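One structure follows; several queries about it will come next.
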Amino acid sequence: MAPIVGKAKAAVDISIAYLTGIRHLFHRPYTLRFPQQRYAVEKGYRGRHLLHLDRCTGCGICAWICPEKCITIVPRGQRWYPQYFYGRCCFCHFCTDYCPEFALEETVEYDIAEYTRDRLVWSPERLSKPPVKKDDKYVFSVDTIGGASQVPRKEE
Amino acid sequence: MSLSHEREDDIIRKLKENFPSGIKETNVIRRARLEVTVASEKIKDVAIFLRDKLGFDHPNGVSAVDYNRENRFEIVYHISSIGIKEMRDLVLDLKESVPRNAPKVGSLVSVWSGVENYERESFEMFGITFDGHPRLEKLFLTDNWDGPPPLRKDIRFPTD
Amino acid sequence: MPAQRPAQEEDPVATLAEGLSIWVGKLSDLVKKVVDTGPIRNVINWARMYSLWPVNITTACCSAEFGAASGARHDLERFGVLPIGSLRQSDLIVIEGTITKKMAKRLRMIYDQMALPRYVIAMGDCAMSGGLFHDSYSIVNGAHEFVPVDVYVPGCPPRPEALEQAIIMLQEKIRRSKVYEQG
Amino acid sequence: MSAPPKPVPLTTVESTETSDSGAQTLTLSVGPQHSGSGHMRLIVEVDGDIIVNVAPDPGYVHRGIEKIIELRNIIKSIPVIERPSIIDASNLNHAWVRSIEEIQGVEVPRRGQYLRTLLNEMNRIMSHLYWLSIYGVFLGHTTMFMWPLGDRELFIDLAEKLTGARITYSYLVPGGVRRDLPPGFAEEAVKRTEYFEKRLKEYDRIFFNNPLFTSRAKGIGVLSKEKAIDLGCTGPTLRGSGVDADLRKDEPYAAYPELDFEVSTRPDGDSFSRAMVHMDEMRESCKIIRQIVKKIPAGPIRRKAPIVLPRGVAYGRVESARGECSFYLIGEGGDKPYRARYITGSYRNMAAIPAVLLGNRLADMPTAWWSIDYWPVEADR
């Protein structure tokens, strides 16, 4: 009798597996449709840097603490500013933490892909521009009816 | 956490009793970490004693350290115990020294078969030869690596 | 070494073949011109844009984010990017992280075996400049040293969205370029 | 030394087929580009389709991290330490800061310890889910590829709120952690772990109870208890062979002595046991996360630690997702270590690859190989 019992159990288990899969056909979509829907990256995300030119003294601590040597200090008139090569930055933001003048800041901008390598060098002027505001408002919620899904963030 | 080192002292006492000439130096770094330096020719006997009598059955790793100022390599076997539940937090560093110009020691693969890859890596990165190792070849470096063993202290690679 | 043939003058067959090949060459130039101008190019580029199949080669740790990008949240198949095992069927290499010297040889071999047109996305810092490991003894400082790269994605590792943006950029590049000059 | 691998009846393929050179076996090279995942090459010798010899050929991701650390400041090394296993970054980071603190004699505030533990446990879930999804690829089960990678984002979102990065946190620094808990984190964490536990039941239904998986995994790649200990295996591989060794219990560190959890073991030592150990650990980690957000004490998160490494020796080890990760650190008074030996879980478990594959059929290789949870980047360092 044992083989029959085993076969029956296998049939039941495989049907349960299929039913579980089929049930998910009726779930709300799980996927974030990226260019149209953007994930709401919160403040504090370690994206690209924002440089406050007025606060920076050009001391070079950021270049010293950088694990990748991605920062070079370049002259601009009488003053010196950091210049980032994003082909090398690992976004650890130790430079932000160690900056004594709070001249560096994290921004939420992460999509900075380029066609050529030299476009990845960000001059101090380019770093000092705040990121373009994008319509990122979608978050993942587990309490939606019909399964967890991406929903627009509630405004407080 | 007790501050006394009863277990550690006990292990050291047992080792010293059995190998009065082989044990060169012992040191308790902190609770559950102890170092035992042995003579190169005795290391296999000490290892078998540790495995069979004291329950150190789990090879935790092998490190090689290059003391180029003292002109020697140090090979450290980190040994722990799995079979004895109370001793699982304990790591014993079994050390031996070898002169830098003739780095040749006996392999411990016959004692713990798990040290095979670690010894192979030490051979590759430091150029230490292990006698009796079943497969002393390159492990991580490229097949046509022609440079010196890279982890030696006097080797510097040009950086950009 | 086979013995060299003596030069034959006035061989009618050779003359005919030469003439034919010139004629065929001219015809193919004409075909290329016709294909590159007008709607045919758009159709071909459209087909290439939305079936970018990356070959299943992972060089280092950025593969974790590539995996996340192919997963349920950021479904890369929406862009026609379906990771595939066979390199002969694929059009795209996503270089996912550090390239060691041991891997660089294999990577170039894979690149050479892929059918034209083929595209390369360098993902992560290590694939662009060596990144955190720039002073190591066993890595290649950037993919551009041995394969032509189309898009560079900064990040260590980049967010999946950044990779998706790179794929959109690559599609844009394909859309704009000529049919016979790709890859 | 141990029990021989499970005998496989030779019924379909004649093992006496000889090639032109007269050899009875055939040597195959699997990888580094193959249809599974991972930058790893196995040189497999088969007799018929039975594997008789396996030689792993790692090193495709060897980046010389031990040399790099010797040339860098201990703070600058933190991102480098994390890279070998970015799906399990904080556990590796923990081993590093733990050995530094041991030499420096710095004590971490309790809130800092709890935050470290919180991130470690979230990372353990993420790492196991990534392993599970690649297991789906190896077994051709696309649903099991998609679901774990989707659910992994639940915890990635949480970790991003806490640390500011998706997977490479650089969050643990000597003396404590870099950021405090954001507002609303506790409720969200409880909600998400509860949701995730419901999902784990669905995983059981669709994959782990499914005969499509069990028939391929049960009895495949058996690693006996004695052999696993002798080869120096750790982590889920060791616990899948029936040994309840777990550094979180055996040598409690961070906040683990104050938390209540169980070490999951399975006695059989086959691929199925190792897979189930991963599942059980995810359940336990969910419980631990809920306990942490409930019990976390108030206070400082970071204590000032010097940037230099004094003279001394430490062997700091933690239980990472793939087993024990340890540093043998020798300081000589400067800001760089004299020697930092870095041994990771996958590197320890690499010795088990030949042991689990020998005697199996070539078609069972993906099941047995990936059940070890071997992450090549971590092993090569």
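Each chain carries a letter (A, B, C and D) given by its place in the written order, and its residues are counted from 1.
We adopt the following convention: contacts are C-beta pairs under 8 Å (C-beta built on N, C-alpha and C of every residue); 3 or more make two chains touch, one makes a residue touch a chain.
Values in this document were obtained by computation on a predicted structure and should not be read as measured data.
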Notebook entry, point to check: With chain centres set to the mean of the C-alpha atoms, which chain is at the far end from chain D?
Noted result: C
Checklist line | Of C-D and A-C, whichever chain pair has more C-beta contact pairs | finding: C-D
Check: Chain with the smallest distance from its CA centroid to the overall CA centroid?
Finding: D
Next item on the list: Averaging only over C-alpha atoms, locate the centres of chain C and chain D and give their separation in whole Å.
Entry: 34
Note to self: Centroid from C-alpha atoms only, then distance chain A to chain C, rounded to Å. What do you get?
What the structure shows: 27
Item checked: Inter-centroid spacing, chain D versus chain B (mean Cα positions, whole Å) -> 24
Item checked: CA centroid of chain B to CA centroid of chain C, Å -> 48
Note to self: Quick check: what residues of chain D touch more than one other chain, meaning two or more?
What the structure shows: 59, 62, 64, 67, 79-80, 150, 153, 168
Check: So which bits of chain C are touching at least two other chains?
Finding: 72-73, 100, 102, 130, 132, 134-138, 156, 159
Item checked: Sites on chain A at which at least two other chains make contact -> 30, 67-68, 90-91, 140
Check: Does the chain-touch network form a line, ring, star, complete graph or other?
Finding: other
Next item on the list: Show which residues of chain B lie in contact with chain C when the two form their complex.
Entry: 140-143, 147, 150, 157, 159-160
Check: So in the complex, which bits of chain C are touching chain B?
Finding: 100-102, 105, 130, 134-138, 141
Next item on the list: Over in the complex, which chain A residues touch chain D? Could you list them?
Entry: 10, 13-14, 16-17, 20-21, 30, 41-42, 44-46, 65-68, 90-94, 97, 106, 139-140, 142-143, 148
Note to self: Quick check: in the complex, which residue numbers of chain C touch chain D?
What the structure shows: 55-61, 63-65, 67-68, 70-73, 85-87, 98, 100, 102-103, 106, 110, 132-133, 135-139, 156-157, 159
Next item on the list: Please give the residue numbers of chain B that touch chain D in the complex, ascending.
Entry: 29-30, 32-33, 35, 57-61, 63, 65-66, 76, 78, 82-83, 85, 88-89, 91, 93, 112-118, 125, 138-142, 150-151, 157
